[in-house]
Each structure stands twice: as C-alpha cells, then as structure tokens.
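In structure tokens below, several structures.
Two complexes come next, and they have one chain in common, chain A, joined by chain B in the first and chain C in the second.
Moving on, here comes the complex of A and B:
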C-alpha cells in the first residue's frame, strides 16, 4: 500500500514537472516548429505547435540570404571571447585586491564600485561613444568591447569567491616564498575556477545577446554582430511579420549558445552549485 | 637597415600610396537607414546604394542598417554628439521638428540655392500633403522618400458570406459598425487595428482627423488637441468597438498580430498602412480589397513614412556629396522602383507618369485606392518631443482598450501629460512675453 502511494506521488511529481517544463519550453518549441513551416506568414496554423507535414528549409535560406551570417558569427565570437579574456584578468585581480589586500578606503571603494550595477546602460551611450571616438575605436570591434573590460558584477563575484577560500593555502605558499602573482595564479585561481566559470556564462550570454551598444558603435557591414543581423527581420514597423523567417533567424542566432550549454551542462550546473565553497 | 625591413617599408609605403589614391578623388559618406517593413528591404536598399557607388566616382556611400525608426534616431543623435555625424539619414518623417529644435539636422535651403532652384520649384513635383512634414519653420529640412497612409483592408469572402456587397465597403463609421457586427462570428472579429506604440498614435490621428479634428497644431510645435471633441469622439468610438459593439478584441494587438489575424481569417476588416500593401498582396490567400479609412465628419488621413535628412557637423565636401546622393535616391525612377518593391507610395507625382508605374497600377488596383486617398491626406503629427508626446496619448488609449480607463478620462489625462512634456518649449516660445 505504502509502496503504491509512493509510486503514485513520484508519478504525480514527474507529471507536474513535465507540465512546467513544457510550459517553459513552449516558446522554443514554437520557434523550432515555425522555422520549418512553409509560408508561415499567411497560414492559419501559424500559432500551432504541431509541426507541418512538409517541413521546408526555405525560411533558413531566406534568413541566411538577408545578411552575411558567416561574418556576423565571427564578429560575435571575437567580441564575446575578447571581452571575456580581458574581464578574467581584471575581475580576478580586482576581486583579489578587494578580498585580500588591506588599504585605506577599501570598503568604501568597493561599494562605490558596486554602484555601477545601478546605472542603466542606455544612460551611458553618449559619454561612452565619445570616449570610443576619442580612442579611435569607433566602428571597430575593440570599440564594442571596451566598455565591458571592467565588470562590477564580476569583481563582486570573484571577491566573494576569494573570501570564501581559507587563507591557509596562501600562507603556506607565502612561507615557501611565492610572490603575490604566483599565489593568485597557482593557488587561488585554480580553487576559484567555479566562480570564474559562473561569471563566464553570465558574461558570454550577455554580450552574445547585446543589441543596442554594438548598433551604436558599428557602421561597416563587415563589423556587424549577430543581433544586428537578426534585427533586420524583427524590426518591421509598418508591415507584417514573416514569422517563419523570424523564427529561423532566431534559431540561427541562438543555436551556438544553446548547443554549448547542452554540451557543457554538467560543468555549468556544478559551477553554480559549488561556486567557491570547498575547503 | 636590413633588406627585409627595407622591403617591408617599401611595401608599406606602397600600400599607403594605393590606399590614398582614391581618397583625394572620392568623398566617403555614411547613410543610416532603418528597415521599416521587413528584412528583404534592407537587401534592396543595399543593392540601390551599391548601384549608386558603381554609377559614379566622386562619392562613396556606406549604407549602415540601423534597426527600427527609434533606434535610428538614437544612433544618429549619439553619433553626432560623439563627433561622428552621419551625412544622410532616412528618418521617420515626423522627427524633423524635434531634430531641428535640438540642432541635429541642417536646413537644405543652401543646397537648393547652389542648385539655382527655389523651394517651391523643388517641392512642386511632391504631393502637396507631404510638404508640411518636409519643412520646419518655413525651410526645407527633409526630402520625402517613401510615404504611406492608413488604409482599410477587408476580406472579400467574409463580406459575401454575411451578405455584404464587397464592392461597397463601409464609408462611414456607422457603416463600419454595421458591417463589423455582421462579420463578427465565433472567434472571428469584424474589425481590428494595431495598437502598439507608433502605430496607435498614427491611427488615432487618422480617426480624430476623420472626425473633423487636427490632432496637433501644424504651425506650432507646442500644441496638441487630445481633449477636444474630435479626439474624444475617436477614443469613444474605439472604446465602443470593443466594449459596446464587441466587434474588436479587448487589449493591445501589435501590427504583426493584426496582419497575421487578417491572413488567418480571424479578423475581417483591419486598419493597416499602405506600406503593408506588398506584404499583404504576397501573403493573403483569400481575396481581399482595400478602401478609404471610414469617416465620421470628413475623409482625412495622416501621412506616414520617412524622409531623407542631413546631419549637422559634417564638412562642406561631405554635405555636397550627401546632397548628390539624396538627389539620386529621389529621382522619379528610383522612387517609383522602391514604391513598387515596398508598397509605399512614391512621393513624386512624376513617378506615376513612368510606363512601368502605369503598368503596375493597372495590374494592382489596390495600389490605385491608396493613391486616390492621397488628396485627403494631412500632415503627420510632429511636435516638440514628438515621441514622448505621442506616447502620452498611446498609454492612455491602451489603458482604455484594456478596460482600465474610460475614454473621457483617458483623453483628459493624455492632454495633461502632453502639456507637461511640451511645457519647456511653450515657456520659451508662446508664453515668453516681453
């Protein structure tokens, strides 16, 4: 009797979770189905989740034709990895400084740094653009990356990660005569890896999906990123929507990230769960 | 110096020399353009610009796709503030007043003078309804490029099915309500109109104008008539369509949803832009037809679309090059071709004298209806802080469509908000007394 009840409750839980998961996945499912549906702009079953019996690649062909997607992918990858590479250096050094070094005004400085998180990015468009022009980076990919080289969120995350690590390891290394950079590189960073990975995920998705800032900096078609390419389907103001092409374009833009997430899912989950705490 | 470095230097010098060669002969300019309808227009625009670059040697245009109308304005203004103004921008036609007041765009009068022509001569070939939006304070600031008006699209099958004559579409609000009531059936609505930002303001202007109103003061950027009888009547009309006659769904439907509902037969009559004509023609499976926007007091619709403007802060050379490009983009042939491709109407009358255009109109009678409505067209609203002032009305009307507010209260609140927004300008102008 008890066993049956247990089975029943497990089944119920599974059903409930599947229902929630289905609800959550609906937009993705629709995108997938719509991108293969022929002539989906006019058909009555546009909103249906059931796949069409005669799937077509036409939408993908139209989407790919409306921009040089190869270049967009390369540019986006350059921007995302470039930003992340510099950020890893700056946030771990800044995080270390705020976590371990003692200097006057440290806490005040840290909180002032955190205030950055409160600023809405669009408010900074004009001043940032001016700086980018002064630096001679207008209409270049480094110009797109520059404002993100320092990250308040990343610094905060790394500071917390470092604070959670016991000092014993560093002290042992210091007694052996390791200089500060060696302590960071050989002792702290390997232990802080989950924190860095968690930050990398946030950084990569944010910059992969960013639209407004690249739009502001980039003029040359050869320097444009994926989101700008996608916008050419999504921004229709007066006309209708080519739902199929829109869905295909969306899939093209999000596919690399989605694939990467599925492939490294375990790592990511581990990183978030164990973020920093292991002594 | 080793031979290798010398060779390297030589190669470098050579590269510089060749790179510099076209520079003295050619002026490079940037042209920002939004995509108002769909992706393939971006491709067509890029093709046009390439054609221009290949057709002559003095000017090289870089076409920069800049998102929607609002993004384009944001990008162009930010670039100008950062010291990199674009030369030519295709800008929503009602942003000119705003952009002139902020000093971002330049008067085109000097170019007319250099061409030894007058403004009247230059504008003669453009439809009269477009003149007001092209000018600010009596000077030319924008050259109309593609334009639209709202239009009533209706499903011919649905008309026949409920016993309405498809040859006699509703001409008045009363007839519209009548027809819509007959057409509403099950999950099908008789009438639908887009109510997202930008579209809603434009359609409310159309309804208030059809109700005898003006929406805004065409001569002065500090006045709108939101709480006047013409707009109040229009707001009540929309409210009644939803809550009294129940022929339109409650809530806000975006333009994409409206055309999709029309294609799917879920809405029998829709108000959409003439700019959607090509899109609807290509995607509508059932027979459809188009008609004037129904009226209550008089036939009147606002102009929409975009015009070409030039930004402040560019060199004389760049200005000359930009103006040359504008003139090429606005020849009757180019405008006619773009019109056939997009569905917008061409701003020049002479575009319609070309044989290709005559053929096209003969084959597509729906384009003729859009053209016939032109004599009733009026200027698009343009005020100080155009977008914010427009949103003041849209937010209230949307609240009304969601059933959260009554029409009478909505227009009053909209007026109050709009007045507050325009206050700084009004204080500097009309209320600045000696």
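Moving on, here comes the complex of A and C:
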C-alpha cells in the first residue's frame, strides 16, 4: 500500500513537473511555430501552438528585409567582442595584482572595485551618457562599450582563479628571470583558461542581450544593435498583424546564443553558477 | 659572507647586484598600481565620476530648449522629485514589483532545483527548459509577451477561451499591467536563480539529511528544518542580486507599456530614463538617480551585514 502510494506520488510529481516545464517552454514553442507559419493562415488562429502543415521561410525573409538585421548583427558582434577583448586585459592584470601582490592600499582598492557590483552601469545611465558625450563618443559603438571595459566581477573571478593555481610554476619562471608580463601571459593565463572562459560566456551573454544603454547612446540607425532593432520592430508591430514576422525577428536575435547554449550547455551552466558563487 | 667580504671583487659584485635588486624592488613596488591602472581608469570614468556628477547636477537646473542659463537650485530638484506623484507611483510600483517578483521567483527556483538536482536525462532537459528564458534578451522576452498578452487573439486569451475563461486586458488595464510585467519577470528569472540553488544543494551535508530521515522526518520536515537552513546563504545571496537586478532593468517596460497605463508600470529606472531621455529634465533625473544609488547601496551594505552575521552564526 505504502509502496503504491509512493509510486503514485512520484508519477504525480513527474506529471506536474512536465506540465510546468511545458508551460515554461510555451513562449518559445509558439515562437518556433509562428515564425514558420504562412501569413495566409490568418490571424485568428495565430496563437495556436500546432505547427502549420506548410511551413514557410517567408517570415524570416520579411524580418530580414524590414529591419537592417545584417548591420545589427555586425554592430552587436563588434560591441560584444570589443568589450570582451578589453575586459580580458583589464581583469587579468587587476586579478593578478589582487591575487599575487601585496601592496599598501590593497584592501581599500579591493572595496573600491567592489562598488561596481552594487552601482551597476544601468543605474548610472544619465551621468554616464553625459560623460560619453563629453568624450565625443555619443552615437558610436565605443561609447556603448566604454562603461564595461572595467569589470569588478571579472576581476574577482580572475583573482579567485589565480589564487587557486599553484605558485611553483611562476616562481620557477621568476627565478629564470621572466618579467611579470611574461609570467602572466605564458605561465598563468594558460592555466587560468577555465576562469577566462566562464567570464567570457557571462560577458558575451550580458552584452548581446543589453538594451537600455545602447538605446540611449545610439542615435543613427546604422549604429543600432540587435536588441534595439528588435524593440523598434516589436513596437512597430503593434498596429499591424505581422506576428509571424515579429516571431521570426525575435528568433533571429535569440538564435546565436541559443545555439551556443545547446552546443556548450555544461560550460554555460557552470559559468553562470561560477559567476554567482564566486563573483 | 665573510669570504665575500674579504675579496674586493666579490664585494662590488654583491653591491651592484644589490643596487639592481633595489631598483627592481622599486619597480615592483609600483607594479601593482600599474596593473590596476587600466581598470581604475574606467571605473573612475564610469562608476566613481558619475556619482560625483549626479551629486553636482542634481543641484542645478537647466530648462531644456528655452536657452535659459543653468541655475543653482540647491535641493530644488530633490523637492520636485519627492513631491512628484509620478515618482511616488514609480517607487511604490518598484516595491510591489520587487516583492512580487522576488517571492515567487525564489520559491520556484528552489522547487525547480529540488526537482532537477539529480542527474538523470529528464533532469538535464528540464534544467535547460527552466534556464533558457534567462539566456534570451529581456527585449526578446518582452516582444514574445507582446503577443502572449495581446487581447483576444493572443496566446493567453486564446487558450483561456478554450477553457471557457476570459482574461483581463493584460497590459491595458492599470490594475493588471504591473502583475503581467511581474509574471514575465518571474518566468524570465526563476531558472537563473535555480542554478544557484542547484549549486547550494550540493553543499547541504548529506549525513544531516540522512540522519533526519532515520529520525523519521518526512520530506517536508527535512526541507523545512534541514535543507532550508543550510541554504540560507544561497537565499541571501540570490535575494541581493535579484533586488539589484529588479531595480536596474526596465527593458520590458520600455517595450511593452512605456510605464503606462497611467503610470501603473512606471518603475524607478524608467522614471529616470523618461525624465532624462524623453523630458530632458536632467536635474530631476540626476536627483532621482542619486536616490536610486542610495537605495542600491543600502541594499548592498545591509545585506553584507546580514550575510556576515549569518556566516558568523553558522560558525
């Protein structure tokens, strides 16, 4: 009797869980179905989750034509890689300093870095926009990137990573007369790769998805990023009935990260946990 | 040493190497600051300077488009912000939004984590499903929910109609809109915090759980008296990052409701964005920014205190 009840409750729990999971996935299922649905299907059944029998790529073509998605992709990739490239330098150097060197003011400076975790850039959009204007970076991609060049989170991540490495190798290199930069570049960074990869995944995701700050900095259509393009697309769709096109556009924006996630799932999950637990 | 001291050559070699060493040491003394300089430059420009800037700018007023000169208004901007009904509304909304998102998000995150913590194939799939929303841009989530919340033909109403139910105007009704935004945010964030609970669950001492089991504690009691207390640091941590996040992201509000209808979904950051970007009231935006900076710091330092106490309490 107890056995039966236990089996029953396990089955019930599994069913409930599957139902919740289905509910959770519904918005994406709808996006997939709707983006391949031909326009002629009519808007009354637009919400149906059943795939149409005659899938079409029409919506994707319309989306790609109505927005300048190609330029948005290029701009987004420039922003994401630009931010990451500079960050890799700044966080590796600072992480090394905090992990390996003793110097006056270290604790104070560490707390000064910590401040960025609380005063996150979105909270400071108004004054930062002024600074970007003063620097002559308004309506430029470097203006979008600049506030993220220093990363407290990345610095901590690299510091933790360096702290976990044995000192033997760098001591050996130092005895051989290697300068500090050679020690960082040839000895430490190759060993710190997991930390850097984790940071890269979190950074790329954050800046691929970012919206408010580029919205404020960018003015001309040629400098817009994917999220801005999608937003104006979504807000423009309000009047019309081009939901299939909007679904296709949304899919186009999400696709690169989604594909990367499916391909490197473990890495992604580990990176985000790492980012939270150690950051 | 004594041998080296006896011969002049040895002595000078030692002296010159000592000089080289002290030069090297001097350089090494500067090295940490050289390494930190690039980070500090950008932190200075975009984290410290902006705080100083809003402090100053909040004290001045420059009417937009009138050509009038900037004038010192003291605390005038703060008075204007603090007596602005829209600001009150935004602050209240943000409070409701923060609590309304935080509580269900934490409960769901923990429930998801408990459900998928074992490494079976089904768990891996479910984990992906729950986590996926936190990977997509908030703007993309918003544009999907645009259609989900669409009156009549939208996903929600379409399936509610099949159940014989009629939903409200999800984004158009000022009593409902904020809750629709809350629902979207819960859906978007729960899977992210699930990850922290999965990690936290791995640190729950296994023998304590087993001991409780042997003592006859049922699964609810085990959760309540063993697992939840052990997860307290995770909960505290998630609460802080969630609160900071809930104060600093309004992408969905911009896309879906623009703070409306009649300010029902206006949040603090949207109020700031609107003041600066749409109404060009920089003094007001600066004052509101400083108020939200103060709230962020209060949350962070308050929680730091609590977490430290918690850590000490746990021995």
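Going forward, the second predicted complex is superposed on the first by the 212 of 279 C-alpha atoms of A that agree within 3 Å, B and C clash if a C-alpha of one lies under 4 Å from a C-alpha of the other, contacts with A are read in each partner's own complex, and residues count from 1 in each chain.
In the analysis below, a contact is a pair of C-beta atoms (placed from the backbone, for glycine too) under 8 Å apart; a residue touches a chain by one contact, two chains touch by 3 or more.
Keep in mind the model is a prediction, meaning the values are calculated, not measured.
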Which partner, chain B or chain C, touches more chain A residues: C
Partner chain in contact with A:138 - chain B first, chain C second, else both or neither: first
Which of chain B and chain C A:231 touches, first, second, both or neither: both
Touching partner for A:130 - first (chain B), second (chain C), both, neither: both
Touched partner set for A:65, first chain B, second chain C, both or neither: first
Touched partner set for A:48, first chain B, second chain C, both or neither: second
Chain B versus chain C as contact partner of A:200, first or second or both or neither: neither
Touching partner for A:243 - first (chain B), second (chain C), both, neither: both
Touching partner for A:219 - first (chain B), second (chain C), both, neither: first
Chain A residues contacted in one complex by chain B, in the other by chain C: 43-44, 46, 125-126, 129-130, 211-212, 215-216, 231, 233, 235, 237-238, 243, 249
Residues of chain B defined as touching chain A within the complex: 30, 34-40, 42-43, 46, 62-69, 71, 74-75, 78-79, 81-84, 148, 198-199, 255-256, 258-260, 263-265, 272-273, 275-276, 279-280, 283-285, 304, 343
Residue numbers on chain A that touch chain B, as the complex places them: 39, 41-44, 46, 62-63, 65-67, 125-126, 129-130, 132-133, 138, 211-212, 215-216, 219-221, 224, 228, 231-233, 235-243, 245, 249
Residues of chain C defined as touching chain A within the complex: 29, 31-33, 35-36, 38-43, 45-51, 53-54, 57, 115, 122, 124-133, 135-148, 153-155, 157-159, 187, 191-192, 195-196, 198-199, 237-238, 241, 244, 247-251, 254-255, 269, 272-273, 276-277, 282, 285-286, 289, 292-293, 296-297, 299-300
Chain C-facing residues of chain A, complex: 13-14, 17, 21, 24-28, 30-31, 34, 43-48, 89-91, 93-94, 96-97, 101, 103, 106, 109, 112-113, 115-131, 146-147, 149-152, 155, 180, 205, 208-212, 215-216, 226-227, 230-231, 233-235, 237-238, 243, 246-247, 249-250, 253-254, 257-258, 261-262, 265, 268-269, 272-273, 276-277
